[in-house]
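In the two assemblies presented below, chain A is common to both, partnered first by chain B and then by chain C.
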Partner chain A sequence: MKLCEFLRPASLSAARDNLRELGTKGMILAGGTALHFMQDHTPVTAVDITRLGLSYIRPDGNFYRIGATTPLSDIQRYRAPRWAMHEICRRISTHQIRNVSTIGGNICRVFPWADLPVVLLAMNARMVVYSDHENEYSADEYFATQPAKRFLDGNILTSVKVPALQAHHGFGSVKVSRTTAAFSMVTIAAVLELDGSIIQSARIAAGSAIPFPRRLPNVEAALVGKEAVSEVFKEASTKAARDVPWRSCEGQSPEYSQHLAEVSILDALERAATFAHGRAE
Partner chain B sequence: MSDNPTANFKQVHHSVTKIDAKQLALGKDSYVGDLAPREALIVKMLWSPHPHARITSINVSKAEKMPGVKAVLWHGNVPRNIHCTAGQGYPEPSPYDTFIFDTKVRHVGDRVAAVAAETAEQAEAALKKITVKYELLEPVFTIDEAMAEDAPIIHDEPEAYVPIPIPYDPKKNLVAMVGCEAGDFDQGMQDADFTFDDTYETPYAQHCPIEPYTSLAHVDSAGRIVITTSTQVPFHCRRIVAQALGLPVQKIRVIKPRIGGGFGSKQEILLEDIVALVALRTGRPAFWQFTREENFITGRTRHPIRVRLRAGIKKDGTITAIGMDCWNNTGAYGGHGLTVVSCCGSKVLPLYRCDNIHFDGKVLYTNLPVGGAYRGFGATQAFFAMESTIDKMADAIGMDPLEFRRQNHIQSGDSSPIFAALGEGKEGTPMTIDSCALDDCIAKGAEAIGWDKRTDWRDKTGRYRRGIGMACLMQGSSIPHIDMGGASIKINEDGSFNLLVGATDLGTGSDTVLAQIAAEELATTTDKMIVYSSDTDMTPFDVGAYASSTTYLSGEASRKAAADAKRQILKTGAEILGLPVDQVQCVASHVQNTDGSQKVSYGDIACYALYSKNQYQIIGTGSHFTEKSPPPFAAHYAEIEVDTWTGLIRVLQYVSTIDCGTAINPALCEGQTEGGTLNGISYALTEQYLFTNGRMTNPSFAEYHIFSMRDKPPIKAILVPSYEHSGPFGAKSVSEICINGPAPVFANAIYNATGARLYEFPFMPEKVLKAIQAVKA
Partner chain C sequence: MKKNPQTVQFTINGESKTFITEPDEKLLDLLRREGYKGAKFGCGQGTCGSCTVLMDGRAVYSCLLYAMQVEGHEIRTIESIGTHDNPSEFQQELIDGGAVQCGYCIPGMIMSATALMENETHFDDETVREYMDGNLCRCTGYEKIWSALRRVLDRQEAQNTQS
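This part shows the complex of A and B:
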């Protein structure tokens, strides 16, 4: 994309109208960092939504609501009881990028290496999309295919609702990368719901080294009803190959990608169990 | 001189602020890109998409008619003068195997045609209108393929030759051969209680300077071409551009402004001939800056080298034989190929005492990216093999590898037959080691890393295992009887000095260092120095910034120039004071008598000489070439943690000691040491060129991973003092040696952690995991 014109609408509805009018010649602009990866030179008009009050993080019932244009650095810095989103945000790219890159930009067009969709899938987050009115989509529905399609007709992501983890919930994530600024070799996120030491439910998601972020149902199935111990985690992690074909990545073989994913699942589950049993905030 | 000669220094051996620090911190116009005028044409190049092909036809007529296009250059409309692009002395020890454009392309990223247009977009649009037909030729991607009996010939042009008397056989893809023997290697192997024979592979890498290759040219009012360029070698650049264009050197002026890093990459003339031609053809300034992708694909790289290392030792730790065979993949063109492989031997083999040494180096063409100069220059590759083998030797006889090194390393007063046998393009120079503080480096590094807590890998259990590794290193300081630097210095009315040097500051701080040296000699202060460097019209000659030469070589030229000026200052000062010259001295910017009761300032001396009596300009000149190449020495250590489930490595701490003689500017020396070490860490752990059919598939920082400051492990740089009597105020070099350490240090640390020995790097986790699994098996 090549930005040729720039609009800064005064309201959400004006932004939606601009986008509808422009059609494929319009593009929502928040942080703008994804532009680097959209290297065709189609001229477009940027519709800037960064001044529409969509940059915030606040408790909202059983959720934390994060405005779509909230920079990743704000999410990294935010602290609240059993808040976990900062863990992955501090691992995304560099400080400079996180200062401008937004949660909405990260998940409106999902690249294979994106980390946030993995975490939001595991967290069972909900995405709020403004059309003529607001619609909520579960993470499973939202990330079922490339979300960019959802915004072709001028719709705008306004916020992300991340469930507040309860006392018996545990969250763990692992991102393996060659350097701190590099894209992930594999990203895993896990949320465990425990009843005592027994796993009541599990949501495990993966990204990178696979074509598109997704949950790992066979791994989840191998956990539910079992005790939250290392042997169970290890056994469950071996099911990753059944869920998705792992692929080569920057010179590493598919076999190694799968192996790395299995070890990372195990590590994420260990962290989730520790979280559920109480961790230092 | 007291026991500690550095104690009396007032300018050198002090961390003076870099003289260009404020300019750079304020973002003043400094770099080539800052200096390009608005009216400059923008140059873009059509690169070969094929690794090996003949151009059967090319049509540029549509491109020439595109909007904004002012020139299209291709092999049909430029001079066909054979030359080499490597700036390294004259005649170059590299083959002349390059034309501005040729009818054949030899790697993906070879030149096909250039467009100069009003804007970058117009130039890029015009490139798309150039139609080229290729006859595809069988490519050669490995040194084994290059050496095969019926290998495709990469350089079949009849003009190719090498301008010095060395073997060159392009029909066999052979760029160069070099070798030497000392003693009786075979006998040494027979006398050994333990022998070793291992083959190591080292990878491609790119220098990744922040500022890519960038050049600007214009034709001045006298009709001369002025090239402002990001180069390490302005004088070589002038000569090579003159060769390529078929012009006299007199027609060309080369200016180097500030540079955003070079690390060897800008020791090559890759853009200057094109911008000069465009400026000549159009009468307009021409500007060309590589993209990052171009930097990777068509810029220069580190030569990948295969090293077979054979060695023998006795049970008491005596090394009876060392044999090193190197095969250097120079890619599509041969620049620096011979000298890099020579340095594999000359900068590495002398480190350990041994009577029976064999060295053999071969350099081969392939259809891959082109090797060039890169910090470390062959020593980096060979030290990986040597220092890995040294650890294996110590392990075989059950000796602490630190003690084994201490027992065998070269000392002050020692020599090595390699010094005389291996030079750069000719025989070397016999040399006796003067300064050597390697023992102190080993001791201080060991203490800093906690060597005494190191345990055998067999005692370690669990998923995460820690290991400590070390390596000893040496390099050189300039190239004896080849490198030359010049300086001049003149006084101004206020006692300030214009110091003109041909030496090239790449961001290293050499302008500051040379100013400190001149100021020390003149007994004045560094802030009195106005340094102007690297302008072929205005400054004396200097070969440029490479071979770890600037402080040692150009520094001595600056000192000599200052000494020459000082003699004149003393003479004039004595005349003013009415005293004999032998009764005055220079102290604190004054000439004074012995007790200081009579004195005259440098400013008054300058005014006297310029305006009052016996009028003349006090100006000193100095040139220097070296008789020896005193090695800096270093001992490196690292503690790492290996995840034995994934093969991932975490560097817990790194200790980088260095004996660089007198540290002229300790802060800058520490900066060089930390920077070089981090450069080496990144090379050892994460940097890799990935190829598909000869095309690099990861030419961006998103996929080619270099360490940033956030990745930097704790690095402790320790400057270990020594005094090199042949260097300016005791200095040796500092810039290259530190990159040589991390690869062997990590290999040895991985072994110490897990028992896994790796013979190639980068140490990607998959590779490490396989090695660990092999140990378990």
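This part shows the complex of A and C:
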């Protein structure tokens, strides 16, 4: 992406005014790492929102609220009771990238291999978007299509509200990649709500090796009302093929992608069950 | 494209400076143009780590930062770490251990190690790998670099324990 001008608005409303005025010639900059890889060389004006106080993590009722320009390394290092976001952030790219890349940048324009949308879908997070007032979108609504479309009229993602997991909730995520810093081959995230050993509800999401991150409703349906044991998890994971056609990527066949997904779902569910039963923080 | 010079002010190795830049100029290009040639251009896409510098004490790839982004921040390059006659402890260990072949990756390695040593107090292998896994070396196979770093970290951790 070619930058022809660089603006540092002093407020959210000024940033929105800049973006509305610029239209397609404006590009919001939250961390900026992705801009270097965009193939469109049409000159654009960068609107830097990193100085607007949007870098924070704080408890907010039943949620943890994460500011849109919070670097991934801050999310990785944050600790709080039953906080789980650090696990996936540790697995995203390298230390140097995580120090610059932000949660907002990661989820405003979603690439097929992005890990955070998968986790946020499973966790039923809520995205807060500033227009002339704040609107909240559930993860299901927000990630139903490419979120970038939501920001064409100058709206700005300001924060992400991640539900604080309750004592009977469990979270597990798995990212498969060839090297630590490589893009994901398959990413799976699972949240289980247990009543004793019975699964009351399940949210399972997948990314990479499919066109766009999404939930796996057939896998979820195969879990609800069942006992949280390996046999059930294994049976549920075989439903992944019904939810989405797994595709080839980076030399792996569609069959291999599907197999990788099934194994990863099983692993994520085991981790979620362990978490729900009380893991070491 | 029409040139659009802008100014950017930041602290570089302890000195506050103002530079003329372009909105599209990468921090790495500005640094090298201004004589800070220790940061190297390798992959240019945030993979190899040879351009690593510190921004407010955190390791970042200067090839993936626009110069305009560092306004008001504190940047440190390899030029702030040691000299030929007075190398830092890690630099001396690299020399003593024969850990440098072509040397292209070493400034980035040292900057990542500096971030590690300045931000952490315990240096278990997982933490060290986390800080260093964004730096590639195509010559040495890492073993000697790792051993040199480990010697420095073990000494530092022992000092931390005593004090």
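Note that the second predicted complex is superposed on the first by the 281 of 281 C-alpha atoms of A that agree within 3 Å, B and C clash if a C-alpha of one lies under 4 Å from a C-alpha of the other, contacts with A are read in each partner's own complex, and residues count from 1 in each chain.
Just so it is clear, contacts are C-beta pairs under 8 Å (C-beta built on N, C-alpha and C of every residue); 3 or more make two chains touch, one makes a residue touch a chain.
Just so we're clear, the structure is a prediction, and the values are computed from it rather than from any experiment.
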Ask   = Looking at the combined model built on chain A, do chain B and chain C fit side by side or clash?
value = clash
Ask   = Counting only touches as set out at the top, which of chain B and chain C does A:Glu134 meet: first, second, both, neither?
value = neither
Message = Let me test your reading of the model: by the given contact rule, A:Leu260 touches which partner, first (chain B), second (chain C), both or neither?
response = first
Message = For A:Phe183 in the superposed arrangement: first (chain B), second (chain C), both or neither?
response = first
Query = Looking at the overlay, what does A:Thr94 touch: chain B (first), chain C (second), both, or neither?
reply = both
Message = After the superposition on A, what does A:Arg8 contact: first (chain B), second (chain C), both or neither?
response = second
Request  = Would you sort A:Gln252 into first (chain B), second (chain C), both or neither based on which partner it touches?
outcome  = first
Note = Comparing chain B and chain C in the superposed model, the one touching more of chain A is C
Message = Considering only the listed stretches 55-63, 595-603, 613-621 or 667-675 of chain B, which one runs into chain C in the superposition?
response = 667-675
Inquiry  = Per the definitions at the top, what is the overlap between the chain A residues touching chain B and those touching chain C?
reply    = 94, 180-181
Message = With touch defined as at the start, can you tell me which chain A residues reach chain B in the complex?
response = 94, 176, 178-183, 250-253, 256, 259-260, 263
Query = Can you name the residues of chain C that touch chain A in the complex?
reply = 1-2, 4, 6, 23-24, 45-47, 49, 52, 55, 58-61, 63-66, 68-69, 71, 112, 115, 129-134
Ask   = For chain A, which residues are in contact with chain C within the complex?
value = 2-6, 8, 29, 32-33, 35-37, 43, 45-46, 48, 50, 73, 90, 93-97, 99-100, 180-181
Message = Applying the document's contact rule, which stretches of chain B touch chain A when the two form their complex?
response = 645-646, 648, 686, 688, 690, 698, 702-703, 705-708, 710-711, 764-766, 769
